[in-house]
Amino acid sequence: MPVIYGGLKLINNQKVPEQMYSLSNKLIDNGHEMQVRVYYEDTDFSGVVYHSNYLKYMERSRTEWLRHLQIFHQELAKEDSAFAIHKMALKFGPPAVIDDLLTVRTELKKLGGARSFLRQDVLRVEPDGSETLLCGADVEVAFINHGGGAKRFPDDLRAKLEGN
Amino acid sequence: MPVIYGGLKLINNQKVPEQMYSLSNKLIDNGHEMQVRVYYEDTDFSGVVYHSNYLKYMERSRTEWLRHLQIFHQELAKEDSAFAIHKMALKFGPPAVIDDLLTVRTELKKLGGARSFLRQDVLRVEPDGSETLLCGADVEVAFINHGGGAKRFPDDLRAKLEGN
Amino acid sequence: MPVIYGGLKLINNQKVPEQMYSLSNKLIDNGHEMQVRVYYEDTDFSGVVYHSNYLKYMERSRTEWLRHLQIFHQELAKEDSAFAIHKMALKFGPPAVIDDLLTVRTELKKLGGARSFLRQDVLRVEPDGSETLLCGADVEVAFINHGGGAKRFPDDLRAKLEGN
Amino acid sequence: MPVIYGGLKLINNQKVPEQMYSLSNKLIDNGHEMQVRVYYEDTDFSGVVYHSNYLKYMERSRTEWLRHLQIFHQELAKEDSAFAIHKMALKFGPPAVIDDLLTVRTELKKLGGARSFLRQDVLRVEPDGSETLLCGADVEVAFINHGGGAKRFPDDLRAKLEGN
């Protein structure tokens, strides 16, 4: 299997362009997209990424999306608030392997009073430019207080999540 | 929050019975049940078990169930076979905290030609004997070869999974 | 590589004695010893246990040792106290593989005013009864308050750690 | 605790400059330096980064350093070779917390026939520009074959590691 850098098949000893080491991390329409690199820590003895680690990648994208929107876990915690996964419907496709450069895409599908509904996809851009979906998830995130009870989104938080 | 040992509320400095350190791990009708202890490594800064770690607990129970049935990951690998999660529908309830003693229950709901359908629950037995469901999952597991292609269960493996 | 259960080489389809699924977890002279099973989650694509996971095994044994001594992380936290690793000198030997049954041994070597000095070994008991050291560590643990400052052991905690 | 971006204290609702989301990853004299972000997955219930996760950060920097030198884990594996940690002397300082932006610095101190000796530091650049060392390690890495035996560095690999 060829080592893939940002969609380019790497010929041995070929110089890797500088920008390939800089992973993108940006807002997209109604959401966020970032690249993550697969490391040793992510794989298991079957040679591929351990299934639960896709959930870590998804959490990184949710966090970075919130960061772009100026919403920070630590500040939420100070206000006795947190986001907590309530439901997750996962479907796994072909696996990722070490050194893979993956894309994690997060899209806000619906914003309820105390819940947000996201679509999250972890995919690999192949040398021909096509995308292989490795793990996709429909995610329902609850907004809760420290005791775990549901909490309505405050207006300012709602405005940020709606991109206003 | 009181420290819970196998459903007993621990009064400070009370002697913990010996058997409480031995975690159960056994076959049940059509499945498996085991206890797992929550350690530092399982928690996150919000004070509770990090959501993706419930998937690790579930995998441990699937592995121990297979071990009871004399099915071993290493031997499967030598025969170019593996179990791989295909779909997982997760619902999260109240969270587990450090030192909790959890029960992971795995039940085989259906056995297809190359897929198995499981129900897996991670729960906590409370001091009053009731069970709190912390994370439940409907899981579809594919049987695959090393290339990732679907593979029919060999007869001997099927017989073991059916408990024969 | 044969699948090892508690030091017995398993012949295929041989019945596994019941007690082999119950992992030991006990006090020893000046310390603690427990068995841990290697799961998918612990391994990496090179086929063996990922190096940093030995530190998780060691932490489990420290936690279980404290539990035997009636010292609990949650209660320490309520008293604005915690144990924190200050130094760790690790040496790695042959690796563990999936399904291995490992022994984690913790010995208290010295107890200072606000520090404890431990020796921790992760080893595998081989079919011939010999022990293979997979990862050994000299560990210096600090007793700290929430701000991270050193804290003297209270008398009752010291008495417990000294086994009195 | 203020949220820190690359050494800047963030005033609430202040616009975060674009470049702050792009984490640096570059060669330095005799080594490598990269930024890593602390996520939920990295923390534990005590509120800080779990100690063994610093080893993951260090592994990422070693991997990225090798990538810059055109050395890839997958290609090594095909040649029956791998790098494996042999010894690690760790010292922990103040902890990292969620959202922290950390720097991982790797320096090659000595290259033996079949071993490399590295110094690795995980640090945080503070608002005043000073560096706080969170975890430092002297690391001895062995070059091994799949069976775990020591292996001399091939000439081309040695040349790359020496930066030639």
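In this document, chain identifiers A, B, C and D correspond to the written order of the chains, with residue numbering beginning at 1 in each.
Simple rule for what comes next: a residue touches a chain if its C-beta (ideal position, glycine included) is under 8 Å from a C-beta of that chain, and two chains touch if they have at least 3 such contacts.
None of these values were measured; they are calculated from a predicted model.
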Query raised in the report: Hey, what chains does chain A share as contacts with chain B?
Result: C, D
Report summary line: If chain centres are mean C-alpha positions, then the most distant from chain C is chain A
Query raised in the report: How far is the middle of chain B from the middle of chain C, if each middle is the mean of its Cα atoms, in Å?
Result: 22
**Report entry** Chain centre separation in whole Å, for chain C relative to chain A (CA means)
**Finding:** 33
Query raised in the report: Which parts of chain A, given as residue numbers and ranges, touch two or more other chains?
Result: 40-41, 45-46, 52, 56, 59, 73, 97-98
Query raised in the report: Okay, in this complex, where on chain A does chain D touch?
Result: 1, 3, 12-13, 16, 21-26, 37, 39-41, 56, 59-60, 63-64, 67-68, 70, 72-75, 97-99
Query raised in the report: Can you name the residues of chain C that touch chain D in the complex?
Result: 45-46, 51-53, 55-56, 59, 73, 77, 82, 84-92, 94-95, 146, 148
Query raised in the report: Okay, in this complex, where on chain A does chain C touch?
Result: 40-41, 43-48, 50, 52, 97-98
